[in-house]
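Note that chain A is present in both complexes that follow, paired respectively with chain B and with chain C.
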Partner chain A sequence: MVTGKKSKTGERIAIAILGFFSLAWVFPIFFTVYESFRPYNDTTKDGYVSLPKHFNFDNYWNALIQSGMWRYFINSVEVAVPAVLITLFLASMVAFVVSRYSFKFNIALLMIFTAGNLLPPQLIFIPIFRLYLHIWVPTIINENNVLYDTQLGLILIHVAIQIGFATFVLSNYLRTIPKEISESALVDGASVWAHYFRVILPLLRPALASLGVLMTTWIYNDFFWAVVLLKSGSKRPITAALSNLQGEFFTDFNLLAAGAVLALLPTLIVFFVLRRQFVAGLTIGSTKG
Partner chain B sequence: MSKIDIETKAAASGENLGRRRRSNNFTKRDRAVIAGLVGGPTILHVVFVWLPAIATILLSFCQWDGIGGLHDIHWVGFKNYTQIFTLYSDFKIALRNNTLWLLWFGLIATPLGVVLAYYLDKNLKGTKFFQTAFYLPIVLSLAVTGIIWDYIFKVNGFLNIVLGYTNADTAPSWFGDPHKNIWVVLGIASWRHIGYMMLLYLAGMKSVDPSLREAASIDGAGEWYTFRKVIFPSLRPVNIIVVVVTVIEALRAFDLVYIINRGKNGLQVLAVAVYENILGESQRIGWGAALATILFVLCLGPIMIYLYQNFKKVD
Partner chain C sequence: MSEIFEDGISRRSVIKGSIAGAGALAVGGAIGGATEANAATRALTVSLGSNQSDPAAVKNDNAWLAAAKAAGFNIKLNRVDHNTFQNQINQYLQGTPDNVFNWFAGYRMQFFASKGLTTSINDVWAKIGSQFTAGYKNASKGLDGKYYFVPTGWYPWAVLYRKSVFAAAGVDASKIITWADFIAACKVFQAKGITPIAFGDKGGWEAMGTFDFINFRTNGFKFHMDLTAGRVKWTDPRVQKTFNNWKSIFPYQSKNALDMNWDDATALLINKKAAMQVMGAFAAGNFKDPADLADLALFPFPQIDPAYGREAVEAPIDGYLLSKSAAKNASASKALAAFIGSTAYASAIAKVSPTALWANSNMPKPTDPFARQQVELVQSCKYIAQFFDRDSRPDFASPIFSNALQKFIAGGDSVAIAKDLQAQWDALPPA
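For the complex of A and B:
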């Protein structure tokens, strides 16, 4: 078993290299967390690489309460939750029709949705931006009466783009489920709506969960659209609002570290608690496609 | 039992062809419901994605200062494009940076993801921990990523201190030096991209039929040969996704450079150039639209490949 011995040493080397890199991989995150617990004055005096004199939650308190970051978390929820729910609802309807009935337009429709999702956002945003300046909304939503600078506008664009990806994934998923299950519903004389609502939606549940987790993360992490479509810093979701903590002339970097850690906490929860769904969402398109 | 029920039952027990014909035989109400189910989402998607995309391409051939109404739009042909290539100095840097980004992702970051996936697929000791570490950056936003790495690369940050540069005036400025910063940013972007690629490939490798590998090892094939001839070819669907993701991520790059220095001073990219021409100090909508159209043309190849691969078997 000469080869066995040889591959054992090879394995050890591989483990050592992987170990080194995986530690290097997480190091910047731990370093940021470390700095977030230290006061600005300490790191200015002693530098970032130094033992802590003070180590406390002051930066978190200041970021959340004094800088009002809690408000941005609410903004994130207000945008991400409706956007994801509406997207999943609309996409599941289209996926249902194109995978359960054979219309001539099915493939063309799916191609429009799939390709639309791949278009660069920059190609879309110029007319959207101009359009949002002219679409009227009631004063309750925006006192300037235009869709620009409203969370509603942000939700709309997220839904419109994400529908493309969600429809593609859900219709692929439905295609792997035998049609016989649907046909028993037809035997019962169910209407199209009942077929969708009572047969298809429950079948889609695992795919909807994965997609929901993935898209919530994407929308929560969105930076471009929030920066482009929301002028008021106070309306921005947390990810885009982080640039508010970067001052023009002075930035408290320890406060910013605390802000960054706060902003990544929800995604870490997704990572550790809902990882299976997240990974399934990412790979669903690649292995079933 | 109503007549329709009997008909449906008869059809359901009949042949496949009969079934399909039956299920497309809708009542008026069903037709309306189907039209609503498909029509609503489609209109939303077309109005907010496709029409703006087409409008941008048209606008790229026009001149418009954006202040006057739509009647102020004038057709100028290719003038925006020629001006961008000749007069707009940031464009060349942006195009170079996006190309670098693409090459770096394609030739370095993505292959590294494959290598990682290959070793993690062997279920070595500690593989759970390794996977967790490499996955982690994928869930983080690029904005947060930029802030996190700032503590490493800023002038008085971790790297310079470890390298012994304690004087802030003589220490290298990793983000400030326009000859260095793009490489630093590519490294940071890879931090996320490598893990993402590893995730996709690992999922693909797990789904490779184990009997194929066994057959190869019984035939005495070496590791490299097995990977090249057996594993890699069966990863075809993953490869297509990877090409699309790699190209599109490289061309869309915006968040990271914007959070680091607003995409200036060596970090110009096309996406920021579009933004600058629409929301920046000087509003040149024609230029912005032309830049966005160039971005779109660069994305077109992978989009077409992806569509072709996904829809050819459906036909």
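For the complex of A and C:
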């Protein structure tokens, strides 16, 4: 009885602590959403912590249509979709080789791919910036003929950064799949390509889906590379373009709040609709490695 | 810098005949001989980097861009929000910059000019020079004496206040001349439960205005310029005099300065919760209600040492620079620079922003009372500073100096802060 009582109070304390922290986490988001529905004039007069006089969608309209934020959503899609597809395609190939063929540099190869992930982008952005200024691209892509300030450059850097983690996860996942399947494919006379395309890729499908969801949100949320590798305001993805709503002297924080909520929306939708894949993506391949 | 406004407006009528300005001449020169229309368009295609992201500034930009289009320019605009543009300027200029871009006068311009990241425009100044006073000419030159910059507009810093709040408290702003007058006024407002000085420094740069004023009021303009350029050490005892004078008004400043941006502090002024704010005149843009705006006025920052009186003011000059990429597109870029220097540029913006203040002497005097106050304030001053972050090394102003000021405002020891500032200045790579 005594222990039961004790665990009940312990439970209550745990709930209180958890409740406090979840409130602390959620509060800024709710506050942003709340302010995003209020006009600027109300909040300058009454302060941000006040009851609403007007409550409407004007800020959203202004952010999306008048400030033209919708165009930057398209930019984000143009970067994130190819980057994710290329990353998954290349990573699945490496994962296939390192998990199904044994050769001397097998482990070393996997380690190199993963180790690249450990370098923080702040450390490597200057060399990459310089590199991008020296890589030639045709005029159709950039009239300055360099990779700097192109969406292609942004896609490539995302592929390069994400491929390590994707390879690591996918190769771990492949190790959980019985080798016998591959062996019977080889017995049936499948070539390396047929083995990859017709056996391994279909098997990887659940892992690719989960990883795809995770990587889409990561690349979509990127701010750093978009600011560092793009100079043209019109090419920016939504995360970097959000600062377009801020001025030098004057910032309408209600409008900015609406913009922030809009930018947040795709991530939230992805999370709530594909929650299972999202969580699976985080834990995938962790059962055996 | 002293001569900027001395002969300014009086010469307007004389040069009125040439009001179409150097811009048109330059345009003619650039087209010169091109018979086909598309050849002319190609010749005048210029890329332009704009950091004008405030809604009002975008409106101004669009006004002059339309005028430039009518004058035959084909401008490829690249607009980036102000903060990102400032933070990325190093990469921007070393990467593939636009031909012409927004920038400021002062050390911050000379810094990039001396690194060869901009294109000099002596030939443009040969055309537009007559429309600018000597002060602007000096402000547009690099350390090598060549012209780099085309000034467009400016705004002063001062003590902003609301006439109605002062009247209700029985304080006469025109009588606040000395530091003692200023503190006495602060005490009146404090007794009435009004914050005497609205003050926000969350952004880190806002307090630089107050520092600059107290520093050149305490130690003189020359000392201030020497200090910002690193010719005098921060450990100099005169720096402590500045900090100590500042401390004497700490009790009258907003207590939560580090939680407020400048516009949060301005909101206190708008809501009559505070009496004054040391701020740039651009803060007027936040007074959305015309009745509030009509109530807004300014007075010069009070005198501290009678030897220096109120002889100096902060009035940063905005304008344009030509990047190194302009050298490859020289005739069109320089034609655009000349256009920007002409009254055609300023008149186009004046139509949508009648209260703007112009560098070009041929522009008419403003009629708005607050704008007139600004012109009079600057005309009464012998020296003009560009603001700390434009007068000092960019990499020193932020984050080093901005962080130091925030520490000072939070109650840090000013002697240790000054020592630390000097150590960090010495550790900077050679400019």
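The rule is simple: the second predicted complex is superposed on the first by the 284 of 289 C-alpha atoms of A that agree within 3 Å, B and C clash if a C-alpha of one lies under 4 Å from a C-alpha of the other, contacts with A are read in each partner's own complex, and residues count from 1 in each chain.
Quick note on the criterion: a contact is a pair of C-beta atoms (placed from the backbone, for glycine too) under 8 Å apart; a residue touches a chain by one contact, two chains touch by 3 or more.
On a predicted model such as this, the values are computed, not experimentally measured, just so you know.
Under the clash rule set out above, the superposition-derived model of chain A with chain B and chain C contains a clash between the two partners. Judged by the touch definition given at the top, the superposed model places A:V227 against both chain B and chain C.
Touch criterion met: A:V97 reaches chain B, while chain C stays clear of it. More chain A residues lie in contact with B than with the other chain of the pair chain B and chain C.
Judged by the touch definition given at the top, the superposed model places A:S243 against both chain B and chain C.
When the two structures are aligned on the shared chain, A:T114 is found in touch with chain B, with no touch to chain C. When the shared chain is aligned, chain B comes close enough to touch A:A257, but chain C does not.
Of the two partner chains placed around the shared chain by superposition, neither chain B nor chain C is touched by A:W136. By the document's definition of touching, of the two partners only chain B reaches A:I157; chain C does not. With the complexes overlaid on chain A C-alpha atoms, the stretch of chain B that clashes with chain C is 167-175, out of 131-139, 167-175 or 203-211. Chain A residues 129, 227-228, 240, 243, 246 lie at the interface with chain B in one structure and with chain C in the other.
Interface of chain C with chain A (complex): residues 49, 51-57, 78-84, 88, 91-92, 94-97, 261, 263, 267, 270-271, 280, 282-283, 285-286, 288. Those residues of chain B lying in contact with chain A across their complex are 2, 4-5, 8-9, 12, 19-20, 22-24, 26-27, 29-30, 33-34, 37-38, 40-42, 44-53, 55-57, 59, 66, 116, 119-120, 122, 124-126, 129-130, 132-144, 147-152, 154, 156-158, 161-162, 166, 191, 195-196, 199-200, 203-204, 207, 237-238, 240-242, 244, 248, 251-252, 254-255, 258-259, 270-271, 274-275, 278-279, 285, 288-289, 291-293, 295-296, 299, 302-303, 306-307, 309-311, 314-315.
On the side of chain A, the complex with chain C involves touching residues 40-41, 44-45, 129, 133, 144, 146, 148-149, 227-228, 231-234, 240, 243-251.
Looking at the complex, you find that chain A touches chain B at residues 11, 14-15, 18-19, 21-23, 25-26, 28-29, 31-32, 35, 47-49, 90-91, 93-94, 96-98, 100-103, 107, 109-116, 118-131, 156-157, 159-161, 163-164, 167-168, 183, 186-187, 189, 191-193, 196, 217, 220-224, 227-228, 239-240, 242-243, 246, 253, 256-257, 259-260, 263-264, 267-268, 270-271, 275, 278-279, 282-283, 285-287, 289.
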